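By letter and in written order, the chains are A, B, C and D; residue numbering begins at 1 in each of them.
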Amino acid sequence: MRDVAVVGVGLSKHVSKRRDVNIAELVWEAVSAAYEDAGLTPGEVDGVITGNMPAFEGVNLPECWGAGHWGTYRKPLLRITTGGTTGGSVGHGAFYAVASGLFDTVIAIAFEKQSDGDSTAGLNTVILADIAALLGFGVDPSLLLAFGGGAVGIAVYQASSYMKSSGCTTHHLDKVSVLCRTNAAKNPHAHLQQPGLTPDDVAKTDLMQYPLRFGHVCPASDGACAMILTTGERARKLTDRPAYIRSVASCSDEGALIGIGGSGTLNVDPGRQESCKLAAARAYEHAGIKDPRNEIDLAEPYAPFAHQLLMFYERLLLCDEGEAPAVLNSGSMEMAGELPVCPSGGVISTNAIGASALERIAEAAMQIMGRAGEHQVQKDVHKAVAHGWGGMVNLNVVAVLADTPRG
Amino acid sequence: MEYKEETTSIQGTWPLEQWRWKHETSVLAKKFLEALKDKKIIGLKCPGCGLVYVPPKPYCRCLSIPDEWVEVKDTAVITTYTFTGSWSFGGRLEGTGAPLVIAGVMYDGSDTQTLAILDGVDPDDVAVGKRTRVKWPENPQGGINDIMHSELI
Amino acid sequence: MKADEDLQNVGRVGLPLAPAFNWSVGNWMEQFFDGLKERKIMASKCGLCGRVFLPPRMICERCFAKTEEWVEIPETGTVEAFTAAHVRVGPDGELADLPEPQLIALVKHDEADTLLVAGLVAKNASAGMRVRVVWNETPSGALDAISCYEPMD
Amino acid sequence: MNKEVAVIGYAQTLYEEDADASREMLTLRAAREALVSAGLKREDVSTVVTATNDYLDGRTISNMRTVEPSGASQKDESKVEMDGAFAALYAIMRILSGFHDVAMVIGVSLASVYATYLPGIMILDPTWDRERGLLNEVSAAALQANCYMREYGVSDEQIASVSAKNLDNAARNPLALRQMPGLSVEQVLDSRMLYSPIRELNAWPATDGACAVVLASGKTAAKAEKPVWVKGVGLCHDSYLTERPLAVMESLKLAAEACYKQAGITDPASQIDLAEIHENFAHEELMAYEALGFCEEGKGGELIESGITQIDGGLPVNASGGALGANAVCATGLARIAEAAMQVVGEAGDHQVPGVKTALAHGQSGPCAQDNVVFILGGD
């Protein structure tokens, strides 16, 4: 198999409302930044992989009218969309495009412009079809909101299940928010930047639905991310320190609209996330990583909800199950720590949904390439893991990056 | 050209009211709900892997079609739970008093989870792994509400 | 075709929901919209290849460069193609017959390189015919400022 | 490509106007039958790529509920939000990368669930065309047809003869939705006018259905009973419909060039034995003849008149009935791959063309065939 490496990353600034640009123009900001970062022009790229979560913008196949802004003129283009994992799936698609030998250099583009739609309505369309089935069971529609976890969705079930199994407390959740949002303050592209935030500040925010408070939940962002991938050979000509993508793996489990719908039966507890463990194990194996705890230098788990940072830290096999809260307390996850987690600020600080999982890969790549600027971690990053989560609690995507090829 | 921070917004919709989703579950539900009238909870068992789906499901992850109706118990184990906060129901519960506890429960004999309301239970008393029993109404109507409420055992 | 009745194995359900959207058009389209209010047709031009975009695009797709020149283009143009619409898409998303056919034209404005689509009111329409904009006397916004095209006499 | 990836199994459901089944059940049927066709079990598949569309399916993350019925539970699954033929290309990439050995590709949609023409309108430029209410897939295609006819002098009769051919062929395909044996050009020209020159019988029928294709690496395919090798692939995206010349399918031309280069095709008309073209509208098939190099630019009308593309001609096109015969969006292009493979294997029954060694399959996505993908398939 050919080596595949990241040679350029571009992100737009993420904010709640970008009303000065349209979707295509917003995405251009990330795309042009990626070309600049890679030192390439669109003419030197031979394929485009793109995706977003279209229900948020209300535009079907948005590349049909918008891609002219992204340097795609008469190029091969593949649209990959998988919900919350979309960005990760787009990154994986770009990886496979180069690894297959069919393309030498491709650009991965993922985005969301949530202010063009109604995020809650957008999210609700995830389950409307299931709700339609629920009505067949005579479920009282007024209960559905509470069942669905109100605005926070099924994450509340996942959170309480995880907290029970790990001993994680709401205090840990507060600390996760602090870790991420103070990191975000050093990332110019991040949305919620809260330098000086304290756990007490988070604990004082309103409870949405137990156990999640407003301070534990991601914002809705407008933003885009682009990443240029090429062969190892070409990457070495373009930069001294490319970020190799050693492997990617995804795993899909059963959709978990708990019970009743009959179509989501949740054989697995939403807090288990076996599919994340499976994806991580496969990705490490392909990447030649035998001992992720000691070999991985940095992690970008996809955590729009505070408990997920800890839960996915465990499911990415970076510590034993139930150990993550203690790892958090130890300070190891901090920017200067042993295994920094989300130095970018993570999804809890910035969530342009379709872009978020690509941003995890892009942030890991930037850290390896030493291009993260103010949020560059102190230690040298040799190997990093990037993750994405989505679907109805059932999709996980994992990418393993390194400063050397697989060998 | 004068650069504007706020430009014109064009309004549009996704007229989903025109969509008609198709579900086998609506048909399976009839049999499931009918059994509730006799205070029986039934599910479908998969011939391929033996999983029991409650409520019934038309397909299995092993690509077989669950086709055998089996009865499961009304006792269950809690797999996860939540309780409502001020923003549940879009904030409508604010100030109404006791939180509503909702648990994911797996009926004994079933391999899947469903949701149940634990009435009047203090959230501090709920825990994953605790057991519950359905609080049947005196005269079940053959609706999902018949098993919507459970109590801690 | 989309009756709500249950068939043998499948139920169909709809829900009365239509998510709403408001697309910000961006500064390039804004310039175009502002022009339409004054019955001016503004297009953006690529400084590298000279291509003129109508409606305006921020980026020239061929050069990947910002189109930073603005040109006011004539309200006259040529019909590249037209179709007689005997139907339209109704609110239910299906084709509904029109009482009488209406023409829809693809028009290349003089000095522009991309095309606009609008109605065409002409007795003997033909491809290649010269047309001019008919302005809407009472537009509700930019989208309906151009009412249709009519033949140039 | 030299024996690196092959189609080793395929299945299509019956194409219906209003299937008595959910999207999930159609997916399950196609997946099960494709596995049987490949002689494999679910466990043998390492990756699943589905092709669905959130706006057609009426739900965000439209692949969420297809995980289990496609056999993707706990596997490496992804979704291409284009036609299934593009999903097949992605599955081929996954296999060529060496990370995966056997891939299942499934495309599915139910037109009886969605409001037939709304998802197409939702593709249009939201800052201008969409809310102006004139363009939709059919009116846009009509404008394209007029551009094409004007540029090359193609006639209504020539376009109608595509429908007559394909719908007559469809009558030999037991799965096709619109079967019209002996359909004449006059009957096509008498059908209900939608947007001139497009009449009801020049346009795809709203269809429910699914198609699944199993692909395998060279090593595994070599053990299969009748592998159909993927000899070349190519894809290309074109500009938005008001920003490109509509009289030619430039992106199809570029996709075909890339594909032919890999497959060693230098004279498509003589080297290809059969083609399955994704023609949403009859005129698109004529335009595709030209873009695929079956004839010179502008000669598509003459080619259909010559009879070469008839089922008993020298280069039969859409022996299955094509998209005019059945068009379950997202499954249609994938079905072209399945049909092309079926012809190479010799399993096409009443619509089998004798002696097919090399076949072309084409898929498209977007208004006026904005995205195109081309495959060359062949036997040993």
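Just so we're on the same page, a residue touches a chain if its C-beta (ideal position, glycine included) is under 8 Å from a C-beta of that chain, and two chains touch if they have at least 3 such contacts.
No experiment lies behind these values; they were computed from the predicted model shown.
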State the pair with the higher C-beta contact count; candidates are B-C and A-B.
A-B
Taking the mean of the CA coordinates per chain, how far is chain B from chain C in Å?
46
Report, in whole Å, the distance between the mean C-alpha point of chain C and the mean C-alpha point of chain D.
29
How many angstrom lie between the CA centroids of chain A and chain D, rounded to a whole number?
33
Which positions in chain B touch two or more other chains at once?
3-4, 6-7, 9-16, 18-27, 58, 61
So which stretches of chain A touch two or more other chains?
19-23, 55, 57-59, 67-68, 72-73, 122, 125, 128-129, 132-133, 135-136, 254, 263
Find every residue in chain C that makes contact with two or more other chains and list them.
2, 8-15, 17, 19-27, 29, 57, 61, 92-93, 143
What kind of graph do the touching chains make: line, ring, star, complete, other?
complete
Mind listing the chain B positions that touch chain C in their complex?
1, 3-4, 6-27
Show which residues of chain C lie in contact with chain D when the two form their complex.
1-2, 7-10, 12, 21, 23, 25-26, 29, 53, 55, 57, 61, 80-89, 92-95, 101, 104, 106, 114-119, 127-128, 143-144
Partner chain A, residues of chain C touching it in the complex
11, 13-15, 17, 19-29, 57-59, 61-62, 64
Write out the stretch or stretches of chain D touching chain A in their complex.
24, 48, 53-55, 57-61, 63-65, 67-68, 72-82, 86, 89-90, 92-99, 119-120, 122-127, 129, 233-240, 243, 250-251, 254-255, 258, 365-367, 370-371
Touch list for chain A against partner chain C, complex
18-25, 28, 32, 35, 41-42, 55, 57-59, 67-69, 71-73, 115-118, 121-122, 124-125, 128, 131-133, 135-136
